[in-house]
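What follows is a pair of complexes built around chain A, which joins chain B in one and chain C in the other.
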Partner chain A sequence: MLAPALELRHIDKSYHAVEALNDASISIAPGSIHGVIGENGAGKSSLMQIAYGLIQPDSGEIFVDGAKVELLSPLQAIEHGIGMLHQKASWLEQLSVFDNIMLAEPVTGFLFQQKEKAMAKLELLRREFGFEFSLSVKMSQLDYSQRQLVDVLRSLYRGVRVLILDEPLALLAPSQADYLNNLLVLLKIQGISVVVVSHKLAVLHQLCDVITVIRTGRVIGCIDPHSVSLREMSKQMVGREINLPHPRVEPSKNKGKVLLDIKGLRVHGAKTGRKSTTKLLLRDINLSVHAGEMIALVGLPESGQDVLLDVLAGMVRFDGGAIDFLQYAIRPKSRYKINKARDYGIAYAPNPNFNIGLVDQLTMAESVYLGYQKQDFGRWGLLSGRQRHQTCHQLMMEWNVVPALPAMQTGLFSGGNQQKMVLAREFSHQPSLLLLNQPTHGVDVGAIETIYQRLFELREQGSSILFCSTDLDEVMSLADRICLFSHGELTEIFNAEDTDRTRLALSVIKEAHDV
Partner chain B sequence: MNDFSWLLLFDAAIRLATPLLFAALAGMLSERAGIIDIGLEGKMLVGAFAAAAWTSISGSVWEGIMVAMFCSVAFSLLHGFACITHKGDQVVSGIAVNMLALAVTSLLAHRLFSQGGMTPVLDKLERLPEVAFPQWIEVDDTWLSQLYWQLLSGHNILVYVGLLLVVLLSLFFKYSPYGNRVFAAGENPKALQRAGGSLATTRYAAIICGGAICGLSGAFLSVGHGAGFVENMTVGKGFIALAALIFAKWRPVAILFSCLFFGLLEALAIRLQGHPLFKGDGMLPIQLIEVLPYVLTVIVLAGFIGPSLAPKALGNRR
Partner chain C sequence: MSKAIPWWFNSLLLPLANVGLAFVACAIVLWLMGIDVLFATHVMIDGALGSGEGVGYTLYYATNFIFAGLAVALAWQAGLFNIGAEGQALIGGLGISIVCLYWVPLPMILLFPLTILVSALFGALWAFIPGWLNAYRGSHIVITTIMFNLIASSLIVYLLVGPLKESGQMAAVSTTFPQQTWLPSIENMASYFGVTLQSSPLNISFIWALLCCLGTYFYLWHTRVGFETRVVGLNLQGAKFAGIAQRRIIIITMLLSGALAGFIGLNEVQGSSHQLQVEFVSGYGFTGIAIALMGRNHPLGILIASLLFGALYQGGAELAFNIDSVGNDVIILIQALVVLFCGALELMLKPSLINLFRFNSPKTEAGNA
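Then we have the complex of A and B:
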């Protein structure tokens, strides 16, 4: 039997008396695809960050190929052949793909000589693994999933032997499913072990050779997905029965009057560089939304569905058309901004990938204010610390956020818990229109169930909900109507009852090829 | 305005812009790496004192310049120790550097030389020599010759070093992997760390180079342009350099031009003193002229450059 490619033994880690990991051990066999699942805040990310040297454990040992090592920094982890793809974006968009990959590469020999060599080697790897981007384009020109692949390419360049994928959402999107499969197979052939951390249980169940379950900082056990059902797997993870896929929310019965009416909406893209050619981000969108309706906006990434949400939330200006919401008429020139939107009763939870819903440096109690500081809490124009603390704590209990410490820094919460707090904030103000972008990205299945329940309740009270999601199961279990976007146009509107998941998936993919 | 020579004005502008240029380039290196450099003023002062003091003691101006760079780097390291190693607040630490520099230089100047806070006046041999250009163009009255001999030739060596630095630094940021690393440290430290780079090492390297360049700026004041150290002789030049840096949006070549612009304003202020602007006795009060560069700085910074494009993680402590 070969020694495990990477092994973490008896890891303990706590942050300010909050225990993140307790005697956690994990062992990655060479050339295997190893899944890691657990609820939000269970400690998956902490464990992976320890394996990549980003944080140091309080106690415990790390072995690479059977030899004990100490990982004090990512550099040391990289030297031991460990690579990682992170949950949240951090690239230098102004630099080229090549420069991003070579960012921290030790400089050896003459500069240009090294560049040529590296270029050649990268080009070879790029072809071998079928990455479609060019090495010389700026990072900002790539879409999200390609950017994640740049990280993969960097790891490959450095001779990675254990590649950790921490919630690689963009790669797990349905449109990328085949691609990811191929990639994993290629990696496996090269003898590279892959660790995938994700909440997409179904995907992991299919892909992985073995799955480790973590619950509240402890490793519960290892599952062989070939012999354990998906249902049993989710039960192990959450500790109670969960229906998967999530059952369909009852379709809306009391469809009210038109709440939101969009006519001929048009948005120009920003002028790129010196060329004054503008791409239309949205063209001629017509959509009426009734009170008590839940509408999904689907399409391949960057097809315009995000832009529509941003426009409605007042984050992006529009250049033509009209939006009528309740009694308010919103026109291109009406200085419509996000604070207005909030006054009108529109709430917005942005895409968690872009990390703009909360401020990492604030405490959670402060973060929960953001956007609503004028409406709530104010007494003589002052913010009341105690009241804010209480409100935050209450929300944390309601939404099952762990640890329930309002005074803890926002950035220290796990990704899923941050997203729960963003949703808690937006839900708590009883919006008449709720805009959600990837509402359950990074959220565990147990919490998703609660979120769906709350969305349902909100809809029953007569609010409308517009959401973007790349998760078609989610779309199918929530939406009353589904809008299909392609290249900035709204090409088709389905009634959810008249379609099924396969047909929807086909339509999404078909739009991509019909250019 | 017959005796008013534009050529002489520009000549003065180049001389006055040089210390600003060094300081602004030093500030650029440090701020590109994400460390706010309020302490430029203090480091300039330290450089100025160290250069003048060492030169007057040892008699060698080159040694003086080395010592100036060394002392300025020491102050940079103090700043770095506070805000890189101990993750302190960069603005507070920078102000501390300024106050400390002012106090230390005055104290030492008084104690060492007992000349009321000045160092002994350096004679011509103890100052930086002027560089005369080769005789490619004859000295005559044509504009080309005037330009060559009056404007370009005859400055001291640091002026040319400054210009060279602009070129080197632009190449550094454009083509070198180290440049990308410094850029990353100021723009997205997380990306740098995750790629396996060390934020602390990168930032220390940047501020050490910045400190050395800033030392040159001070040395230019006391042993290049001037002939000795006078208490608080930088009088806010470090802050003007900081303004020039922001004005230029942290880009080396733009920094050259913004420093020349501020140098020109200063030269104009000096030139206009005692110069009848209008027919008859219409003289502008000196104070009004002296305040001109500062007022224009405010106007320029407020209105003419659009949004400032600071490195995103400037002041970020992690």
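Then we have the complex of A and C:
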């Protein structure tokens, strides 16, 4: 039998007396697709960061192809053929794909010679793996999922043999499903192992050869997805029974009055370069939202659904049309900002990928006030530290945030726990209209169940909810109506009862090829 | 086995090690100059802390450093690099001089709050223009505040050779203020309570400086505007999401920063020289940058750094007085080395110290620090 491509043995790791990993071992076979699942804060990310040399374990050993190695930095990991896709990779927008890939490469010999060789090699790889973008196109012209593929290409160029994908949201989007499948097969044929960390259990269940389950820092076991059901898999992960897909709760029949009325909404894009033509980000959007209604906005990335949320939240100005919310008339000329939105009772949980809902360097007790500092601080703008601490701790207990330490720096919490805090904050202010962008991104199935429960409760109280999600299962479990966006237009509105997941997925993809 | 880094590592051990290293470097330079290092150390320590007079001078200098350090640090918390404390202090001093020269006969208990107010207003005014330009026109705050330093010093020179000049005097200084407007010295205040202290220029503005430390801390960490200030300094997108008016915060912060810088005039002009002099700020504003750096932009750190710099200033002056081959340059050299090791090379010793104590080295912390 071949030695495992990458093996981590008996890894321990603690942060500030909080145990992240306890005697965790994982073994990645060559040319396999290996899933890693676990709840938020279970230690998945820590384990992957150790494998990529980003952090060092307190104790334990790492083997590459059966030989013991020490990974003190990502550079050393790369030398051993380990690559990782970055969640928040930053690219130089104005440079080409080729230049972005070459930036990090060491210069050997004459630059032009090296460039020629690299170009040939990259072009070969690009064709072999079927990447659709050209190497000379500017980074700014690629969408989010294509950027992740550029990252994959870079890893391939560096001769990666174990590729770690930590919650590759864009790649796991339904529109990319076939593509990702093909890519993984191609990688496998080349003998490249892929490690996928994700909360999208259904996707992993389909894709992976083997899945490692981590619970509270310990490896619970390895699952063969061909012989274990999805339901059993999620039970192993959370340690209790979870209904998958999450069950729908039908809304009470009596539809409330119209809460939000959008008429002819139009948003111009920023002027692009020298050309004075502006793209329309949103074109003639008409939508009425009743009280007690939950509406999903779906579509391919950058079809305008995010912009609509931003406009309603007062983050982006609109150029035409009218929004009527409760008794308030919002027009392009009215100075509608996010503070106003909060005063009106509109709460917004932004896309967790953009990292704006919390401030990493503040303590969590402080981050929890972001946006509500006007309401929550006392009359003179003062607030005692103890009170702040208590409020935060209470929210942490309610939402099961671990570790429940309000004084800990926000950035040290795992992504899923940060998202729980954002939701906790927005829910705690009892909004009449709740806007959510990828509400459960990075959140584990157990927590998703609670979040859905709370969303249904909020809807029952007569609040309306608008959310964007790339997870069609989520859309089907939550939404009463589904709005399909394409190129800045609202092309179709489905009633949830009249459609199913497959039809919806087909509609989303069809829009992409229509234009 | 390795263990997590304890709190005292970053806030106590590392700064102390840095200061220690700076002193070692100073000792080497002094030794190369052929100076008896032990004797020089003795002179400095004795000069700064050995007598009531020395301690008085040390605290007197520290007062200026506290004001300047707070001014720089407060702006820095909002992501603004205010290097105009020098000019703001000059203009603050001008405000005090106007009050004291054309004084309305007020008792000290009313006059002191009045001069605090006026120096704050004048300093804030001088910081307002760069702040406004930054907030509404996108001008770079570093450039504008530097320019405003030059304008301020030209303005003071003009006033002191012209309108404010004492008649029949060659020096570019204003008339000495009436004695009733002089800030009470700590020496006099102590004697009121029956305690005898040696004479020094230390005055009541030192107490005001301590209150300012407390106030700045309270403002930044316990008020809403302070909270908003820090968010603007940390994450602009986050600030936008939180609905914080960034321009408003920039202007408020620059006003407060300028006001703090303006207080230097209280200590120097009203507390010590009792007249307006052309160069009374003499670099305190710039040293404030080093103080803020060393004090990690935290009022408590600034207080400690100011005391250290006050002692260096006073000890250095004694050194220059006692040893012929030592001039003012050596004092500047010592300060420069302290700034170099505590500021620019702040993290140089960190990896080796972590290894020495066998602590964990989380990469993220090293990156943030």
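Side notes on the structure shown:
The criterion applied here is as follows: the second predicted complex is superposed on the first by the 505 of 515 C-alpha atoms of A that agree within 3 Å, B and C clash if a C-alpha of one lies under 4 Å from a C-alpha of the other, contacts with A are read in each partner's own complex, and residues count from 1 in each chain.
Rule of thumb we're sticking to: contacts are C-beta pairs under 8 Å (C-beta built on N, C-alpha and C of every residue); 3 or more make two chains touch, one makes a residue touch a chain.
All figures in this text were calculated on a predicted structure; none of them were measured in a lab.
After superposition onto chain A, the modelled positions of chain B and chain C overlap sterically.
After overlaying the two complexes on the shared chain, residue contacts for A:I55 are found with chain C alone; chain B is out of touch.
In the superposition on chain A, contact of A:L75 is made with chain B only, not with chain C. In the superposition on chain A, contact is made by A:M315 with chain C only, not with chain B. In the superposed model, more residues of chain A are touched by C than by the other of chain B and chain C.
After overlaying the two complexes on the shared chain, residue contacts for A:Y369 are found with chain C alone; chain B is out of touch. By the touch criterion defined above, A:G357 reaches chain C but does not reach chain B.
Touch criterion met: A:L95 reaches chain B, while chain C stays clear of it. Of the two partner chains placed by the overlay, only chain B lies in contact with A:M84; chain C stays clear of it.
Clashing C-alpha atoms with chain C after superposition occur in a single stretch of chain B, namely 75-83 (options considered: 75-83, 183-191 or 201-209). Shared interface residues of chain A (contacting chain B in one complex, chain C in the other): 54.
Contact residues of chain B toward chain A in the complex are 175-178, 180-181, 183-184, 187-188, 190-198.
Taken together, the chain C residues at the contact with chain A in this complex read 1-2, 4, 221-225, 227-228, 230-231, 234-235, 237-238, 240-244, 360-364, 368.
Chain A makes touch with chain C in their complex at residues 14-17, 54-56, 58-59, 314-315, 337-339, 342, 348, 350, 354-362, 366, 369-371, 373-374, 377, 380-385, 411-412. Touching chain B in their complex are the following residues of chain A: 54, 73-75, 77-78, 84, 86, 90-92, 94-95, 99-100, 102-105, 107, 111, 154, 158.
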